[in-house]
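For reference, the structures are reproduced in the following blocks.
You will see two complexes here that share chain A, one where it goes with chain B and one where it goes with chain C.
Right after this comes the complex of A and B.
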């Protein structure tokens, strides 16, 4: 019976990994179009969210590895085709690779929207408000709530040791995570699994009843509002301040956003939209090559070669530079003068290029 | 003139030493004010980005390029040193320094909040135990009134404050000791591909000189830039790398932007703004745009009674920044005073105030850097990573120091950037050959990617003739003195340079590289010595203008960093160093600042 339940758990955790990953290309695409000097606040806010999504994906992998599962990172379905459909229980919306704009920020707020229960301020009666266990949740937080309940139930039924029987050496440690809030924690029992989930959910939606993300209380880091509220600050061009409630508008300092000073990236760029041999096509292909190699590298990292994470950092920088180049390329014959952008498309392993610099771990598999 | 008196301690200068002293004193509950000559700047990251833009826009990329000239607190520039004409070294007479030579003084500093750590490379070597007693050991140079072991605990504090990345087992040489189980806050910055190849290519070979042999041992350099925290730091407590001021998510690791000098774009490299911000959060007050002009003291007791300063009006609001602003003179008084304004500025201020100690301004030192350069046998990926990640320490100590200077060899990762302005020079060369596109790229790859250079940091002795003085005729726009520099290098140092030049020749032979070193006789710093052409540059390690010692005859401050003749005045910074050794001095003066702060606090509480 445990095996059957575990299959269910594996499936949910794989969903979690894919869900966390699926937010990264849209956030990154928007981030790359922001001018750091014109919109320093937005630049930093979106950047920190992206960094933390990478943390969440890593935490989800640690949880899955802790229970003996196997994260699948490198397969054609791993990257959604953008615009991707996000189907939550109460709403459906598209998430695309769109430049930084009021409407892309609105989409991001949809992704990070806190659940109703989470918005309740401490002390209010929560009885009866919790959703039933259901795979069709309305928010990411509720989805994770489901997973937490699964964990608690399984440990109660079968004991901690048989649930957390994964290989401890597969865990990613905190030493290579930086640049955003929170920390990578190693997962080896119920307590650490639930904590890892709390980090994910609190960073996204805020600690229960709060606009803040828990980094300060959990890790002694700087106080920071959660992703939803960071996006909200950009959207309304005003910061939250101490004492503001999650259910209300921010009342802090004004942070004007210059919505015009943004790279005018084409929506949902795809390599084959650009003419063969054009600079945009060459760079878009290169980006896709890098991204696919990178996913393979992450796959290896999360499946036993955890030291490779350092190399993954280097590859992320490579992608950043190519993305910056793409955003400087005018698309030929585009009447609106749009520029190219990073397409985030999957290239099957047999079609990947073996660059001279490519890590032997990746080159040997092609 | 208005007088303010609400502080326990007034510090002149918001660089690394002033920041450390301020932060430590605030930690112990003292009320501290810092007077800073540089312009008002907030601690937000956008303020720092403005420096970056200034650097991008500046066509001349020198260490002070990002930090605008300010007529109210001018800075020396490396471009103020001219060529040699008819055998005479020329100087820009309108530069901030008034130089009388005969040798050029080629080092500079930055007058802004954060000080010269804004543009330092970040090298954090400890001094050797022998550097503290050179007079006793080699009958050359001076002795310190303290030794390496006295400074050890403070080195540890400095390494924590700066956030030094290094592996301790590689750093214990020439008698350098560490406490048992000590590890640096972060693991070493990875050595460059060049460093590794040089190790491989020179394996087993030695430098043979004057009957002795020395190994070509390439050792990683401790650096004040963020790498992975060492989980074993502080008995397993670990370490949290400190990111950019105003944007702590940035700069938590070195990103290899290869712009450490003159500005790290993400602040992965330490700068004193990080310590200053902590100090301000503890209640330390900074008065910017306030240039100390005179130290007031009681003629009989020597006691300092106040510091006179000139507060100039808002600089940013002026459209013509080349014009000085209006200023008002004020006086600030406190229980204790600290000069942390830089070796040259400290000396200048004391001289301007009529201090009697004859040692003030004397013993000016630097590390003259002999540069050599050439091509590696194959492409080594030049221009990547920090400016230098390794050095060769073999000639930092030895009995030869009786007769010639010791030196440390710094391996440069940025091709011939320093000696020849690469890679722009090669690009222009390629264009002049009418090369474009793929051909130009191939040409550049073939040359630039094999380039590397060595920098030999020659130890300089403290001598009374090398000095900072003042002259009533030479003043800046606010009426403060411009430093007058008299400077030369001795045969002791030239002998060191000869050894360095020979080292370079043998080294290039050993690795089967091509020595491309070629000096122009008209460039500042060129000399012909015993038939050998030598050329050196400044290291930016200005030191020795108010050295520490045992009494007022041989020094300005005692071992507690307190002035012999002014008991409520402490001096900090490179000016206190009686010898330079072969270490870049910042780590050592940071350690001394922790020591000074402890002494000041005890003194206040007694």
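Right after this comes the complex of A and C.
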């Protein structure tokens, strides 16, 4: 019976990994269009959020591995097609790859919006509780709250050892993961699993009733407002300060945003929208190649080859530089003078080019 | 003759592809084409630059990324001619190093330092900028394997 329950839990944790990942391309696309020198505050704020999303995805993988599941990262369904529909019980909206603007920041606030009801967990016993959660029928907060409840009840029923029976060597540790937002938690029991979920939720929407994300308690960092509030600060061009409430507007220092000093990226760039052989197409294809290889490396990293994270990170930096090149390239015959941008599209394994430094990994897989 | 701004850019872009051996997508990706043309104009004068661009135009290259034997010969002649030799060398140096070489040599901008083609050519990265990720220096350069 435990195995059946666990299958349900695996599905939910895979959903968590995909949910956390799905925010990264939209945040990155907007981030790449910000001019660091003109808008240093926004640049830094969006960057810090996206790095914490990468941490969340890593944490979700650690949790899934801790209970003996297997993260699936390199497959076409893993990447949403942008604009993607984000449907939750309390709100439905589209999320696209859009340049930095008031409207894209509003969408980002929508993603990170604190739940009003954090504790509406459905089901009263294991049977009622353990089923794949339909995101359409819950909020993000409820989703994670339900997963926490599933863990607690499973451990109560079957004991910690049988629930957390995953291979401990699969955990990504702070030795492997550096420079991200916060710290990687190695998950090996109920306490660490619940802690990892709290970090995911609190960095996004704030500790309950607070604008702060809890990192000062969790990691001994400086006080930092949660993602929703960081986006809000950009949107209203004003910082929060000590004593501000989550339900009220920020009252801190003014941080003017220059909304014009932004690369005029076409919305939701797609490689095959650019003419074959054009510089925009060549670079968009190159970006997609890198992104798809990157997902493969992450997949292998989270499935036992944790030393590959070094190559995954190198690939990620390369994606950043190619994205910057795309944003310098005008789209042919575009009347508004829009520039290209990173498409974040999946390329099937058999259509991938082979990079010199990937050869050993590919050889072991194919 | 009168040359429009966009024609000048277009010819400079094509000439740069031939002089550097890098594709249009790589050169456009640097975001520096206009800045480099400005830099050259500033030091050598527009008229001088126009003479070079006009001689280049006359060769009538069909595909600058795939020259015919005849086009190659004509380009070689152009590059090695007395009047153009020094300017074409300066253009190559500018693209590869991001630096203007003259009486007072200088790096054109922080962007030009980062985007110097030399880094891509040798599969390395500009020190202090465009970090490649911890430990990646232990691997071969990130290029496609043929």
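Here, the second predicted complex is superposed on the first by the 329 of 366 C-alpha atoms of A that agree within 3 Å, B and C clash if a C-alpha of one lies under 4 Å from a C-alpha of the other, contacts with A are read in each partner's own complex, and residues count from 1 in each chain.
Here is the rule we use: a contact is a pair of C-beta atoms (placed from the backbone, for glycine too) under 8 Å apart; a residue touches a chain by one contact, two chains touch by 3 or more.
All values reported here derive from a predicted model rather than from experimental measurement.
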Which partner does A:222 reach: the first (chain B), the second (chain C), both, or neither? first
Taking the superposition as given, does A:47 touch the first partner, chain B, the second, chain C, both, or neither? first
After lining up the shared chain so the two structures overlap, which partner does A:176 touch, if you call chain B first and chain C second: first, second, both or neither? first
Broader residue contact with chain A after superposition on the shared chain, chain B or chain C: C
Does chain B (first) or chain C (second) touch A:356, or do both, or does neither? second
In the superposed arrangement, does A:328 touch chain B (first), chain C (second), both or neither? second
Mind working out whether A:36 is in touch with chain B, chain C, both or neither, as first, second, both or neither? first
Intersection of chain A residues contacting chain B with those contacting chain C? 178, 317
Help me check something: in the complex, which residues belonging to chain B touch chain A? 45-46, 49, 53, 228-229, 231, 241, 247-250, 252-253, 255
Footprint of chain C on chain A - complex, ascending: 178, 279-280, 282-283, 310-311, 313-318, 321-322, 324-326, 328-330, 353-357, 359
As the complex stands, chain C meets chain A at residues 23-26, 28-31, 130-136, 139-145
Which of the residues in chain A end up touching chain B in this complex? 36-37, 40, 44, 47-48, 51, 175-176, 178-181, 222, 317
